[in-house]
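Sharing a structure here in structure tokens format.
The first chain written gets the first letter, and so on, giving A, B and C; residue counts start at 1 in each chain.
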Amino acid sequence: MEQLLNGVALGALLMVLSSGLAMIYGLRGVANFAHGALYMLGAYLAYTVTERIGFGLALLVVPIALALVGVVLELVFFRPLQHRSHIELGLVTFGLAMMGERLVTLIWGEGTLRVLPPEFLQGTTSILGSDYPTYRLAIIVIALVMAAVLVLLLRFTTIGLHIRSASQDIETAAIMGIDANRVSLIVVSVGSALAGLAGTLAAPYISLNPGMGDVFLITSLIVVVVGGVGSIAGAMVAGMGVGIIQTIGAVYLPSFAVLLPYVLLVVVLLWRPQGLAGRKV
Amino acid sequence: MTLYSTPDTDAVVAAENRPKALHRNRKGRGIGLAIGAGLLLIGLVVPYVVNDNFTMSLLVTSSLMSLMALGIGFLARYLGLFSLGHGAFYGCAAYAVAIATTNWGWGPLPAVIFGTVFGALVALIIGVLVVRASGFGFLMLTLALSQALYQMSNQTVMRPLTGAHDGKLITYTGNATFFGLSMSDMMDPGLFWPVAWVALVVTGVILWLFGRSRFGTTLEGIRENEERMRFSGFNTFRPRLAAFVLTGAAASLGGALFALNVGYISPDILSFGKAGDSLVAALIGGLGTLVGPVLGTFLFVYAQANFNFGGNIHLLTGVLLIVVLVFAPGGITGALTKPYRYWRAKLTQRGKGAEK
Amino acid sequence: MSVFEGSGVSVKYGAVTALDSVDIALEPGILHGVIGPNGAGKSTFIDALSGRKRVSSGRVTLDGEDITRRSPRWRRGHGVSRSFQRTSVFGSMTVREQLEMVARKNHEPDLDDVIETLALGDVTERVCSEIAYGTQRLVDLAISLVGRPRVVLLDEPCAGLVADESAQMLTHVRTLCKERNVAAMVVEHDVDGVFGNCDVITVLNLGKVLATGTPAEIRADETVIKAYLGSAA
């Protein structure tokens, strides 16, 4: 039970991170390799804000700060380079990731940092008779609420409709009168904000170190591919699935567990190349 | 969009930089082989000119890493595929050499052959899974699968073979020699240089010849229009797989020789940063020419040794990569040859004008 | 028995039937035109016959042998070739390079003859992406004809061409079909061109065959006039 909850907590983080990645991929056709660096930046910013003021504020401030970073990304890179090939833009984000991770390390140092959650979340809560760290429950609740809000916004608002149609086919959407630039600005900044939120939520849960971005980037790229490129719902489901499988796997198959996401990737791609929820060609 | 969609036109290999299937005349091949032989000879003089051991070791490392970059460049140029997986073949070959010598007591030469073959075999297995993909699919799949190998190599169960997180120190049984080089000679950059240089030039020439052959033309056709190739009676899977394995073997040779040269395999050898560095170096050097990736690798290794204050190399290469991609998609060699191409285009235009 | 036959060819996408039990028979030296309004299933039909789309039911035969499930590569190797509606050439290669490449694969004995017949002699050394669109369409046709295929399926060879070029293209196709004794099928939008050049015409509408016959028979067919020609002419 406890392991299942751990899996859900990891899955919740992956959900938040991957849905941002999937949104940007769907719209710009680019796997944003800088997403791991954004997540890492979020975590380190959360560390500083928590040290100075408090974790509660970090939950609010960091996503906003990352949304601004997203605006810069969109205006400086994605928009001017949108007519270049996707792969080229992807390699630019690869360069951004290299830079970003190094910059974070230069600012915050190479050492491992820890963030403490606020006091009322530090203890354990009893669930069905077993004690479970309260903070992890908080991660699950916040992430699930976030995911629900995102789904509702995408389903029931005009801008959500525009985002969904633009991620299906950005050119047709533009012809239909949707302002692709505006949609893209929103998507990239929301996607970045989600990476920042994931980083903030993760900060008290993991230890912060310069390599943290890479690991999560690769896992969430796998999540996006498995979920079906461009499908936000697919990414959410796959994110939760990968989180649970990996955590449960670590209990029963300790030396094999880290490979599970990759095995999953290969199996899904051989069996259903467009991903679980992907569009058909 | 799916992972298996048709590729975008890759401006990274700018149109004017794409290989043009030359008329395969013997003269062209003769000139190329002569240039290769000349380079080979000039290179062998290097240890007599450069007396500094540090510089020499950078040159050896550059040459061995260039074997990987050559492969990455070849794939990008002829198939429009960008690989983050060649670090895996480099690393697997290095581990294979270490295991063959240390665990099984093989001599260095059979170990290098085994390492190269093993790396190529890994490329074959991964290739079957990935070469159908294009664009991002290929990039992400090669990344993910090489990351899987990295994770595997660091598992505790792998300790007897790879040394897991401790890395693996290479030891030999008896007085093993490699082309007359003793164990300490192999680790002396001045003495090992001829091995590395010959491997690089010979591999470069072989890839060049492959590029000019019918095989190269077939690859080019697949890059340009995969569907039409199938409808013109070509198998489009096998040539792609063959190119992947061929370039994987080049990277493997680099990794196998690297293992002999350094005598210790760091657990990071399979990490994603290594493969990423090589791809970035190839991009910066320029994918339009065969020498571009090699040039990029030499610059990268030099910069890493001289400007890497506390790991800032990635800040530097990140910036450089973005600058190159945004302003000079042909890389350094692309920018250098631009005036020449411009001049040649002008000349041919004038020639045509005169005909009329 | 005809060289190349499609019998009862149907293509379904989920619940939608794009092609409903279409029959066709191609004979050597006969140019067979397929016409029909937009959405009639013309492109789906040529894709089904050439192995680009999966046939849901029905069969395609070559010399009586069932080739319904054979790959495009196998078909080309056994003399069934096709061209594409959207120009499908190899942009970075010169015209000669790409024709030589395909010629080698398909054992074309006399490439220069193909180049000459299609009047491509002036552009052989030019890079394909740089030549005029009309000429690229001829290169596209040449790629399909190299290697002396016995059956050629052409998907709107005149798409995007101006009237003059279009007439010239169909003349080329007709000449090649007769000279080389090829069983040719041409899917075309240009109704007048098809009536002027084809020996047999099949009219498709809403995924079904409306009529098959000589141009004269088709012109006189009342269902065709009612459903298609009447509105077009």
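Keep this in mind: a contact is a pair of C-beta atoms (placed from the backbone, for glycine too) under 8 Å apart; a residue touches a chain by one contact, two chains touch by 3 or more.
Small disclaimer: the values here were computed from a predicted structure and weren't measured.
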item	value
Category of the chain touch graph - line, ring, star, complete, other	line
Closest chain to the centre of mass proxy, which here is the mean CA position	B
Busiest interface, counted in C-beta pairs	A-B
Between subunit B and subunit C, centroid-to-centroid distance (C-alpha), Å	43
Centre-of-Cα separation between subunit C and subunit A, whole angstrom	49
Chain centre separation (subunit A, subunit B; CA means) in Å	32
Sites on subunit B at which at least two other chains make contact	none
Contact set on subunit A toward subunit B in their complex	29-31, 81, 84-88, 90-92, 94-103, 105-106, 110, 214, 218, 221-222, 225, 229-230, 255, 258-259, 262-263, 265-266, 269-270, 273-275, 278-281
Subunit A partner contacts - residues on subunit B that touch it in the complex	1-5, 7-12, 82, 129, 135-137, 139-141, 143-145, 147-148, 151-152, 155-157, 272-273, 276, 280, 283, 311-312, 314-315, 317-322, 325-326, 329
Subunit C-touching residues of subunit B, taken from the complex the two chains share	15, 18, 20-21, 214, 217-218, 220-221, 224-225, 227-228, 230-235
Subunit B contact footprint on subunit C (complex, rising order)	50, 52, 71-73, 76-77, 81-82, 84, 88-94, 97-98, 101-102, 104-106, 127, 129, 143, 147
